[in-house]
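Two complexes follow with subunit A in common, the first pairing it with subunit B and the second with subunit C.
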Partner chain A sequence: MILVSFLFVPILAALLLLLIKDKKNAQWTAIIFSGITLVLACQMLCTNMVDFDKSWLPNLNSRFTLHADGLSKILILLTAISFPAIFIATAKNNFKQSNIFLSLMLFTQAGLMGVFMAGDALLFYFFWELALIPVYFLCSIWGGEKRIAITFKFFIYTFLGSLLMLVGILFLNAHTADHSFSMQSFLHANLTNGQQATGFVLFFIAFAIKMPLFPFHTWQPDTYEQSPTAVTMVMSAVMVKMGLYGILRWLLPLFPVAFMVHTHFMVVLSVIGILYASFIAIRQDDMKRFIAYSSIAHIGLMNAAIFTHTQIAIQGALIQLFSHGLNVLGLWIVADIIEQQTGTRSLQQMGGLAKKQPTLAILLVGFALANIAMPLTNAFVGEFLMFNGLFLLNPWMAAFAGVSVVLAAIYTLNMVQKVAYGEVSEKINTMQAPYKGAQAVLIVLLILVFATGVYPQPLFTLTADTLQQLFVK
Partner chain B sequence: MGIMKILIAFILLWPLAGFLFNGLGRNYWSKKVIAYKATGYIVASFIASIFAFMYVQDHGAVTVHYFDFINAASIKIPFDFKVDALSALFLLVITGVGSLIHLYSSAYMKEEAAPHYARYFSYLNLFIFSMLVLVLGDNYVVMFIGWEGVGLCSYLLIGYWFTNGNYNYAAKKAFIMNRIGDLGFLLAIFWIIVKLGSVNYSEVLTADSLAKLSSADITGITLLLFVGAMGKSAQIPLFTWLPDAMAGPTPVSALIHAATMVTAGIYMITRSNLLFSHSELTQHVIAIIGISTALLAATIAIKQNDIKKVLAYSTVSQLGYMFLGLGVGAYSGAVFHVITHAFFKALLFLGAGSVIHAMHHEQDIRKMGGLKSKLPITHITFLIGCIAIAGVPPFSGFFSKDEILAAAFAKSPIYWVLGVIGAAMTAFYMFRLYTTTFLGKFRGTADQENHLHESPLAMTLPLILLAIASALAGAIGIPEIMGGHHWLSHQLIPIVGEPIELGLSHSLEWTLIAVSVGIALVALLWAIAIYKKKTDEAPNTVVGNFFYHKWRIDELYNEAIVYPLNRFAGFLKNTIEKHVIDGAVNGAGKLIQYSARKVRLTQNGQVGYYILFMVTGIIVLFLLWFNDVPIFIFFNKLTQN
Partner chain C sequence: MNAIIVSTLLGVIMMFCSWGIKSNQVQKNIALIGLLILIVANVAQLNGWLVINYDTKGMLKFNQFGLYTNTLLFALTFIYVWINGEEISKLSNTPADFYSLFFFILCGVSVLTSFDNLLMLFIGIEILSIPLYILTGADKKNMFSNEAALKYFLMGSFSTGILLLGITFIYGATGTFLMADPVVNKVTGMAQEQVMLSAGLILLFAAMNFKVSAAPFHFWTPDVYDGAPTVFTSFMATIAKAAAFVAFINVFGSQYKALAYSWTILLTFVILATLLVGNIIAVFQRSVKRMLAYSSIAQAGFMLFALYGKTDITNEAILLYAVVYSIATIGIFAVLIKMKENSFESFNGLSKAHPLLAFVTTVFLFSLAGIPLTGGFFAKYYMLSALVKAGAGLWLVMVAVVFAAISIYYYFKIVQAMYFATGESALGALPKNYAYKLLALAILLLVLGVFPNLLLNYLYF
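Presenting the complex of A and B:
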């Protein structure tokens, strides 16, 4: 039942919010309900889960099956942490019709939760779209100046991916013995190598666009830049994980042969993407685009790690899914505080934050350290394991990808220098102390960053079953 | 065992507690509390280190386990710490010299506002903590944690005065150059894991695991480890960050150059000596890079006029000697030089700080002179430091440097000749520095002259203690030909094995010593004679200019690496990303729009419509599927072929 509540609570809150016009009340509703989800998610960690299974669309032979293993749990946890954090941190941002805004956000949360739990391919597709559609509205109504054109591109791009995935799902369904959409039937579908390749490509493109993987990434910096930051946070911290989740949950188990055929190609593509995005991040002046490109590099590494098909790298990727979410969320919140107060995202116009607002600068440096995977931050654990797996596959791959370790230091420290150090710039000089709620969220996130960086064992334990399943065959 | 578990925890956690105490309480504590706490924590750690050292003397090496850092997917990396003869020595040096630097800083940094004062001390404590993790770790990953930790702390401290753009740049440069080295270290760790399945010293550094490694593996691993050491210990080509690191407060330079950070590379190689001794190629590379760095840095030091810069290049040069020692297999000699160098280099930097303090932040030695009478304690202690580094017996530097040079001679007389030339240059530039600063007439402004003053006790006491150590530390390694027992090399037998037999006759060894000391003395006296009367103005010879501009290596790196990469990044951003990749995407989009217009679909840019289409599309697809319309038959055909 607890699994259903991850859908039920956000949807209930989303519907309730449609009736609450007052901004303050709407915000409290969103925070309280997402808080309840978080409490439930914590409870989930210490209970034994039972799959939820009910009839849904009998004439399509699709069932409402929810299932959660370690991979699902860690992403449910990330989703559950992110939403209240985002609601609190952005509570001071001004929106017209904030109840509708928050309602759409909560629909997205429900969709994301569904994606991470669905044990039925059609249900998976349903949630996949449920998570995306509210985001289109959020971007196109509350976004920046160029929102219409950008959202259009984002929509077409991701929709194209979704559609291919749907074709893939139907294609697989046609090859199952019982013509059902359940994970189990899909796993037992009898596919020739050629059919595997077709299915692989159809699913992969959807996931690659969602991550996004180089060269399918160009929608992302624009969308991040133009979206309201609360939405960007959802996309960047949680939504991009849909793609990686899809690969681990569906692509790898369903098309093992095609997967193995493509490992080297995919690793090379990802490594190119990592370096490419890292180089571009060096030259970004817009704080949001900077985080976008840095994130593309990090996601690329996770994709490369998964495609090494080594236990060690996939273990690294499993916990990096979570760690990256926290780290990037922290960076976004800092960026948002600065943008809200100074009205600029241009790094050129910043400088002197450490003098003007030392606490915020310290928090920024903390998340920057996680961004460059300093040891004892959470990102180090994941990256260490992932690079190790790459080395296992091919030492040269690890060496090339490893250049990004240096590049990450360059672009991140450039950013820190421009934002935090130097004399106080005109823009930064207008800054007040950040609002307490946002600061508290940042502190909690930073504590999590270091706590899971020093003692990551609980995350390993949480994801151990997924790792076992993936390598049992 | 139990007691050591607590003791090691104390050694590590006290500095960490100091970091948290001052870091979190930076707005609350008074400067007095900040300084007492920060220094007290390090002194406490030092006392605990003494006990740990004594315990190891009696009971041998101890390993303690706290918890597993990573235990997943068939690799296990525990948070294990080990105190043995090597790490115990480093513990004493780090916390001992570290304590003195903390004490000194409490007076030197007095002018800072309390929150910054707290920030400074919290970084300093974190620095000591990271270095302790580095030397106490019982596996390569824990060492790496400390390794990157000291890189971070140096970044924070070099950029301590963060409003200054140049200092930030220097800090960033230090971090990035270190990161390049760190990447090498990281790859070496992966290599070790892939081949041996473990990173624990007790499993990696054994004859069994050597048997599992091919000679190519050993060479690869050791070369990559050495790349890491190059970054941290400032060797060619990754040395240019260290001289710039003097942007930080002067006591920080003392910490970086003496007790922490740069000695990490020496420690790492000594720790892994079993691997290094089995790769002749790596040993040659290390020796050649070491001696080249020693000479290169010495030539630069001769022409610098900034008191800290001379000392910075002298550190690079001395580190080169240590690597020469490592390369020729004189591990205990290298460790010996680390220890003596820690004393005299800390002394020299702190002495320089005392001078800068007295001169109101003037660092140009051409504007000093005649400080001898005004700063008597600083003067005499600085002189002791200069004598020690110049290798004049019986001061400590003589013994350690001589041990390295003797081993170098046994390997190849060329190393020895180059080493002696470097030693002569060292004596020359150190006494050029000493003479210009302390002898002759005062050349600064009258205002400066009136304010010249000896530093307070908190600063002079560390100088005195370090001067005593610099003078006497040679006693721990008096070689047998001088009737000593070489306590240090006996200590290190469990880690580096029996001292290598050099095969040099006593008379030859005495001759070598006499020649090197003689040349150093000549250089030293020559420098005094020259610089007593004049100072170096801007260099006017081509070679002098070249040395003065540090062989123009920074410019070379900028032109050959930094700018091209920056341009490449700009090309990717402005051309490839914008026009090629996104261009293709937009082109495809336009094509769809165009064809959509052709079939006269409604096209008004409203997302709502698209969602409508999407839903319609899904329904249509379902219908197609239910009616078994050709699309899937087509797919099946396609894929069955």
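Presenting the complex of A and C:
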């Protein structure tokens, strides 16, 4: 039942919000309901029996099955943490019709939760789309200048990917013994190697577009730049995880042979993507685009780690799914505070934040260190394991991917240097102390970053069952 | 049987209605009551009750699928009249004439869902088409309407000629008009008869493609849909088209299945051409009405998948698709009628002028585009699923989804205009409760988008 509440609570809140016109009340409603979801998520971690199963479409043999193992739980937790954090941190941002905005955000949350829980392929597809549609409206209505064309490109791009996945689902459905969509019968479908390859490609394109993996990434920087920052946070902290989740949940178990065949190709592709994105990130002047490219690099590394198909690397990726979400969320919130107050995202026009607003500068440095995966931060744990796995697969791959750590240090520290140090620039000089709520959120996130960096054992315990499932067979 | 008799009677009654009754409102209500009677009569036959028990010598065959299709199409007509009644009244002093034509069309529909004989197919098609020619030209003082009617009539008659020629050939080859399998299978030995049968079937195929506006027989569609009064375009593109599809499937999906292999390649060509023409040309349209005409061609391409092979879900697929597509199309045309012009720009800023109307329009467009949570998704899903089950190549399914993605482009142009563009919408005055009626349609689509079973379960009991 608790899993249903992850869908039910956000949808209920979203519907309620349509009726609440007042901005303050709307924000409180959103924060309270997303807070309830967070409390429920924490409670879920302590319970064991969490599956939910009900008849849905008997004609098609599709059931409303929700299932949560470690992989699902860690992402549910990330989703549950992100939304209240975003709502609080961006509460001071000015939006017209903020109740509709928040309502659409909560619909997105429901969709994301559904994606991470669905145990039935058709249901999975349903939620996969449900998470996308509100985002389309959010970006197109509240985004920047060029929002309409860019969001449209993003929408059609991802929609095409999902449709191909739908074909893949149909294809698998036709090859199951009982013509159902459940995970179990998909797992037992008898596929020849050729059929596996077909299914693999159909699913993979959808996931690769969502992540986004080089060379399917072209929609991402533009979309991140043009979206309202609250939505960008959702996209880069949680939505991109949909692609990686899909690979771990569906692609790897369903097409093991095709997966193994593509190992090297995918790792090489990912490494190219990592280096490519890192080099571009170094040259970025726009803070949003900077974070976007750095995110492509990080996601590429996770993808490479998953495709090594070594236990240690996948363990690292599982942890990193969560850690990357927290880190990037922190970076976005800092960037948003600066943009809201100074009206610019250009790194050229910044400088001297440390003198003017030391607290904010400290927080920025904290998240920047996590972005480079310094020891003691959470990202270190994940990346260390992932590099370890890459090394087991092929030392050269680990070496090339390892360059990305150096590059990450270059671009991140470069950014910190431009923003925090040097002369106090004209724009930064106008800054006030950030609003208390945002600051509190940042501090909580930073505590989480270091806490899971020093003591990651709870995350290992949480994901142990997924790892076991993936490697026992 | 009931439906054929009752619809004819109602058509005649309706025709003379305008003598005694002058009020448009009352005429509309009589039509609505008539439609209810028609539905009741048809459902009664499902339960074994017949007005007249008449032996048709196998010319008509009533089965669950045909009768249920009747019920649904009658119900759609009811919804259509319920929403568009005022608009129909504007076109003439005696709108009862139009209602009477609707009943005749429904008579054609009932024949087309039950024929088991090629002559009955011909008669059904004609009963369906002739009132449509008249409706196209209903706006007598408008030159475009007249032009469209003439074009439609000329092209339609021509295709009827081809249909007849095809039937003649088939008769020549088999010696019977009956479509039952054993008779067709008799044609084995003589090469000449084989050729004649094949030629007949190809002609029949072409004529049916014309009726459902599949490429390359689609050229009449944009002009006729554009020229006809918008209310009647809505009727033509939905109920009449759905009936033609059911007939098409009745001929080729089941009866001449034995010959399936010889024309799969032909069908594939037609499907690809239809999807290509419909989707690509729709992208470049400036007028919403013309865009919808091309989109209806594109949707026909999707519906043609039902012909690819008979599987256990083909019937479900075509029914769901026809119903969902019809609801959405009736809805979107009902919004378009209230616009002062047909351009995309006229939708600008509708979300601010009338949020409810903008919302329902979005639901209709989402459904046409096949986005989950609306009925359109399951309609497309069932079609694709039927295609996979019929053993079509995966490449064809992939081509289909690529075109589905393209269709997003032109449907979403309206969504973008409504929500993201600034400007004054060209929305005319709305009658009372109009938006709520459309909201009911939208809710229907959303319900079907989560529980399509609600519609399909009745196919079996």
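Everything that follows uses one rule, which is that the second predicted complex is superposed on the first by the 473 of 473 C-alpha atoms of A that agree within 3 Å, B and C clash if a C-alpha of one lies under 4 Å from a C-alpha of the other, contacts with A are read in each partner's own complex, and residues count from 1 in each chain.
One rule holds in what follows: contacts are C-beta pairs under 8 Å (C-beta built on N, C-alpha and C of every residue); 3 or more make two chains touch, one makes a residue touch a chain.
Predicted model only: the values in this text are computed from it and were never measured.
Peer 1: In the overlaid three-chain picture, which partner chain does A:P58 touch, first (subunit B) or second (subunit C), both, or neither?
Peer 2: A:P58 contacts subunit C only, not subunit B.
Peer 1: Under the stated touch criterion, which partner chain does A:L170 make contact with: subunit B (first), subunit C (second), both, or neither?
Peer 2: Once the two structures are laid over each other on A, A:L170 reaches both partners.
Peer 1: So, A:A398: does it touch subunit B (first), subunit C (second), both, or neither?
Peer 2: first
Peer 1: If we overlay the two complexes on their shared chain A, which of subunit B and subunit C does A:T198 touch? Say first, second, both or neither.
Peer 2: both
Peer 1: Which partner does A:F137 reach: the first (subunit B), the second (subunit C), both, or neither?
Peer 2: Touch partners of A:F137: subunit B and subunit C.
Peer 1: Mind working out whether A:F152 is in touch with subunit B, subunit C, both or neither, as first, second, both or neither?
Peer 2: Both partners, subunit B and subunit C.
Peer 1: If you lay the two complexes on top of each other, which residues of subunit A touch subunit B in one and subunit C in the other?
Peer 2: Dual-contact residues (subunit A): 60, 129, 133, 137, 140, 148, 152, 155-156, 159, 163, 166-167, 170-171, 174, 198.
Peer 1: Going by the contact rule at the top, pick out the subunit C residues touching subunit A in the complex.
Peer 2: Of all residues in subunit C, those touching subunit A are 313, 316, 371-373, 377, 381, 384-385, 388-389, 394, 397-398, 401-402, 404-405, 408-409, 412, 416, 419-420, 451-453, 456-457.
Peer 1: Give every residue of subunit B touching subunit A within the complex, in rising order.
Peer 2: Spelled out, the residues of subunit B in touch with subunit A are 67-75, 115, 141, 144-145, 148-149, 152, 155, 159, 162-163, 165, 168-169, 172, 175-176, 179-180, 182-183, 186-187, 190-191, 193-194, 565-566, 568-570, 572-573, 576-577, 581-582, 585-586, 589, 592, 605, 607, 610-611, 614, 617-618, 621-622, 625, 632, 635-636, 638-641.
Peer 1: Considering only the defined contacts, which subunit A positions touch subunit C in the complex?
Peer 2: Its residues touching subunit C are 57-60, 125-126, 129-130, 133, 137, 140-141, 147-148, 152, 155-156, 159-160, 163-164, 166-167, 170-171, 173-174, 198.
Peer 1: Can you tell me which positions in subunit A touch subunit B when the two form their complex?
Peer 2: So the residues of subunit A in touch with subunit B come to 60, 129, 133, 136-137, 140, 148-149, 151-153, 155-157, 159, 163, 166-167, 170-171, 174, 192, 194-195, 197-198, 215, 218-219, 276, 279-280, 282-284, 311-312, 314-315, 352, 354-355, 358, 369, 374-376, 381, 384-385, 387-388, 391-392, 395, 398-399, 402-403, 405-406, 409-410, 413-414, 417, 420-423, 454-457, 460, 464, 467.
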